[in-house]
Amino acid sequence: MNRLDALRGTTPQKPHDARAIAALAANPGCSRRALMDGAGIDKDAAARHLGFPAPFGQSPFAITRGNAFEALVKADGCAELLRMLRDLLGLPIAEVAYHDVENVGAHLRHTHTRTLIDRAVRQEDAGTVYDHPLFTLDIAGHTAYLEPDVVAFQLGGRFHIVEIKSFAVIDGQADPAAVAAAARQAAVYVLALRGLLAELGHDPLRVSHEVVLVCPENFANRPVATLVDVRRELAVLRRQLTRMTTLDRLLDGLPDDLTFDLLPGEDGLPTRPVAELADAVRGAAARYAPDCLSTCDLCFFCRDEARQEGASDLLGRHVRDELGGVASVGEVLGLADGTRDAAAGQEEIARLLRNAERLRRECLT
Amino acid sequence: MSLLTSLARLRALDEGIAQPIATVRHCHVSARPMVFIPLKLSGEAAAPLAAMLGTDRDEPRLLVVPQPRNRDLRFAWAAELAGVLVPYIETFLASTETVARKNADPYERAVDAPQLVLPNRAGVAFTRLLGRSTRFRSLDGPYPVPMGVPLLGRWLTYFAERAAYPGSSLTLCATDELGRHWASGQSALEDANLAALVSWITEGPNDDAEDPLIWPPAGPATDPGFDAEVLAPAIESESAERVTEALRTQLAPTWRLMWRALDLLRGLREGAGVAQRWEQDRASFSGMAAQVTEGGPPQARRDGAIAAAARLARMERAQAAYDVQRAYDDPLIMAEYRLTGEAFAGEVVENDPDNTEGEGRSRKLRPLVVIKTDDPVRLAPGTALGTPERRGQGAQLVSARDGLVTIKITKGMGRAKTPAPGSVPEVGERVCYTSLTDDFQGSPALPDPEATPWTHGGPPQTYVPTDEDAQEEWS
Amino acid sequence: MSDRLDDLERRIDELRAGVRTAMRARDTATARTLRAELRTAERTWDTLVSGDGPATEHGPPAGNVPEESGQGAPRRARAHGAAARRGDGPRLVTVREQVHQALALLDAPAQARLIVAVSQAFFAGSIRSPQLTSLRRDEERSFRSSPYGRPYYLCAALTDRLSPARGLLTVSTWPAERRVVGPLSPRVDFLTCALRVARHLGGLPGSLPDGDRLLARMARNIPGAGDDAFGPPDPGRVVEAARRELRVHTRRDTRDRAQLAKRATSQLDDVAALFGAATLSTVAKESSTMRGGR
């Protein structure tokens, strides 16, 4: 058995979606995450079983709103989208062909997508917008299925990924975090479509690194499109995916019998003793940072671990840098109090800390 | 964040309680603040859901949009909000003082000003959006809104802008203000949770603060679980009462926290510079009120190039002045500069109060003082110095070595032949000197707005709201 | 009475907390049970409260706010379907008739949201999109039990695989060419619909604000139809612009549709010709395409 499969054991593999894949790049230094994702472990389920459920959730209002906006953009053969593509990319008037890939059954959508894209490249069929195609992407030996909102094909032979998001652009400005997330997600689709073209024997660079981001403008529902360059996101993603296929180095450092298996029972609920699972998870080194709180399902578990270790990581990278990289809370305070001697290389930070401590005392008494 | 603050955070983590990082309060806290906790509908940019607000902790007002997707109800809500906020703001216009100015006509300044207190930065951002989505509305035409709504929009915009202005207290962001005075043992990201931060300050860390069932989020976003399990069914039931009661459960805990936060801030002695900054706030407020009464247009969607550069320059100056004032007002802040060698404190070991320089009529009193300090002084001879103890005086560094610093007092000694009593530090007195001074250059030479170069879009057109502004759907 | 209410409120709070805790732990079974209890408790509470009338110390009665705001813009209230929801009285025109009316005006396959908008703008319609979701299935059932028993059926548009197209409605009395859709058809049909709406609006005496708004929304997406102007669009201009773009697509679309229609008539039985081929034949078609493609 493959070593990664052994890590997962009897737990069914968690399928990756674009959001999850985009999140892979969030904390690239963390081996724990790289291993669990590589093995296809459901981190959310693991966190819940460990007693540290992830603090994420989506409001039904947000979901409804997102669906309604997407329907508006795609209504009447993507009439709104065509208007924007004509303005933004100079799409010729004749380019209007619309394919609703969802018209075929779910099990056929990927093959149907392949056929349509192949025909479009060979110019055997008119194709401008493809509604809900289905791509695949290889993640550490497992196939992930991905469903972008729309792929637009422009005459001139270039494909553009269209990402429809319901966060608003107000007076030309949008929430930068939301835009960044959308760009990361779109990059996953670009990569997947490039892979598909390569497989079909076409030039993968026919997929543009500029994606079309469609958002509501101001407070109205009127959609507006912007081109977003995702080259950087692509590079980060590629690096992370390569890293995941070469997990060997990380695996080498692990005990042979280590497994993250949740041992799901008949009802699918984990039966593995919690303490045992916790030990296993701790077996893979984490690199907790407060950013994990918004990007990783295991965040509360890892934060708890960092607390118990008294790690200065808890307070954020910024504080840690300020402390000259001294990692433990006890060590920093010891240096400041003078109850601990500076190790080699720590003289400067120790002097600063002692001074800081003296000043705080002087001012607070 | 500085090393001192980082150390305080570690200390907090170790001791299990937040540590002070200021010895005085650096913001003004009004006697009659308007606490304002807005909630928005998830997934929408600026669709209001509810707000709890008021100036009396025992009498919160709860305003609710019973069907948040209904545009008319949203504007009815905005009108209700205007009905509370605008009269509150206007009470401060009744009593004013006349202020004389150099090279300009005297003007009227309100003797007190309104103060909006919001839970967190997201709340401030939402206030800005609410302002943006209401200030261009019109009372007639195809999409009319109720009286008071456009005016509310202008005020909300104003308060949101002041929140970004360094040292202004017209709009307080509770988590930011608490975080300026206490260091918790958690990350800055986690400090954005008001419940968690207050808990760190008052009784120590408590994971309950992250449980939305115990402490609902302080807005403007609501807890997704609440949306799914409570709010959605309540809206579906079409019972305004159920929606209202549901939202009250989400707002009431934060309401109590907000007043707790104000109590904590009030518990600190006010810093010396606070009154002066509040005076600027009062002047700014009066200016805004005058613009409104004179029928000026609502704030533009975006600043023109000159206005934007001027604003940036103003903000930078305000930030620098704010930093200096806080250091002068608060030894713990000054300590940061002592740590980096830009300031030093110590005991006077020797002085020569009658030292003079020059001869005859240009002979001037230049007292010398020698200070013994443990601080690492990194200042060159000749550096101009100021001191919190004698703010009118200026000094110059003469020499610094072996923990002994000699300074010469160069400004503020008057014309007398001998120093006035108390004007020169005595032997044994503790003093502090710093290269940080509050005289900044005037505004950078920016062209008048009319002369904006074409590279920056040419002269700005006076902002005239169009029909389009008024017609934007609010959905 | 109010003791009872207090108890209920406490109980409701407990149940809500219980549901949310269960949901966080993904314990759906418990959540479902608790939710059911919760609904019961809430209903009891509602009954008690309304029975109690103004004696309860809660805020103003629910009705106040909407009425107050409704005065400013009565027109909008209808657009939001409030009227439809309140219209408990006997409906004179059935849902299928209203849909038929709208489709007859549009004269091309259309999605539910456009049908609803047309019905509201021109026929004081009261239908809402969700009501249309089950329509096609009901019509198919009716047709199967007594074929051609009705003068018309509301049916599906057929894709190039002769399967039903997602979300598009047509009328059985239309020629087959109009009931099938090729790749260009969605655009052609959109332009046709815009043209028909413009003509209809142009032919009406006086102005119709809902109609103007609908046409303005459509015109925005047709080059040269008066996209940037505020105020009511000029129907003549929209017709002109739609025609201009139609000229670009018509020839190819007509050819595609004729081929599809021929296939549909020769390959499909009566039910499938109206409501689309079943999944099995779709599968067969798919694999043949695949073989052909390689």
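Chains here go by letter, A, B and C, matching the order in which they are written, and residues are numbered from 1 within each.
By definition in this document, contacts are C-beta pairs under 8 Å (C-beta built on N, C-alpha and C of every residue); 3 or more make two chains touch, one makes a residue touch a chain.
None of these values were measured; they are calculated from a predicted model.
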Treating touching as the only link between chains, describe the layout with one word: line, ring, star, complete or other.
-> complete
Using mean Cα positions, find the chain sitting nearest the overall protein centre.
-> A
Taking each chain's centre as its mean C-alpha position, how far apart are subunit B and subunit C in Å?
-> 50
Go ahead and note the Å separation of the Cα centroids belonging to subunit A and subunit C.
-> 35
Can you list the subunit C residues in contact with two or more other chains?
-> 24
Pull out every residue in subunit B that's touching 2 or more other chains.
-> 225, 228
Hey, which residues of subunit A end up touching subunit B in the complex?
-> 55, 57-66, 166-168, 170-172, 216, 218-221, 290-291, 293-294, 310, 312, 314-316, 318-319, 322-323, 329-330, 332-333, 336, 352-353, 355-360, 362-364
List of subunit C residues in touch with subunit B within their complex = 13, 16-17, 19-21, 23-24, 35, 39, 42, 46, 49, 58-59, 61-63, 65-66, 68-70, 72-73, 76-77, 80, 82, 230
Show which residues of subunit A lie in contact with subunit C when the two form their complex.
-> 48, 53, 71, 75-80, 82-83, 86, 93-94, 96-100, 102-105, 108, 111-112, 115, 118-119, 125-127
Over in the complex, which subunit B residues touch subunit C? Could you list them?
-> 62, 66-67, 69-73, 75-76, 143-146, 212-213, 225-226, 228-230, 233, 237-242, 244-245, 249, 467-468, 471
Seen from subunit C, its contact residues with subunit A in the complex are 24-26, 110-111, 113-114, 159, 161, 163-166, 183-187, 189-190, 193, 218, 220-221, 223, 227, 245, 248-249, 252, 279, 282-283, 286, 289-290, 293
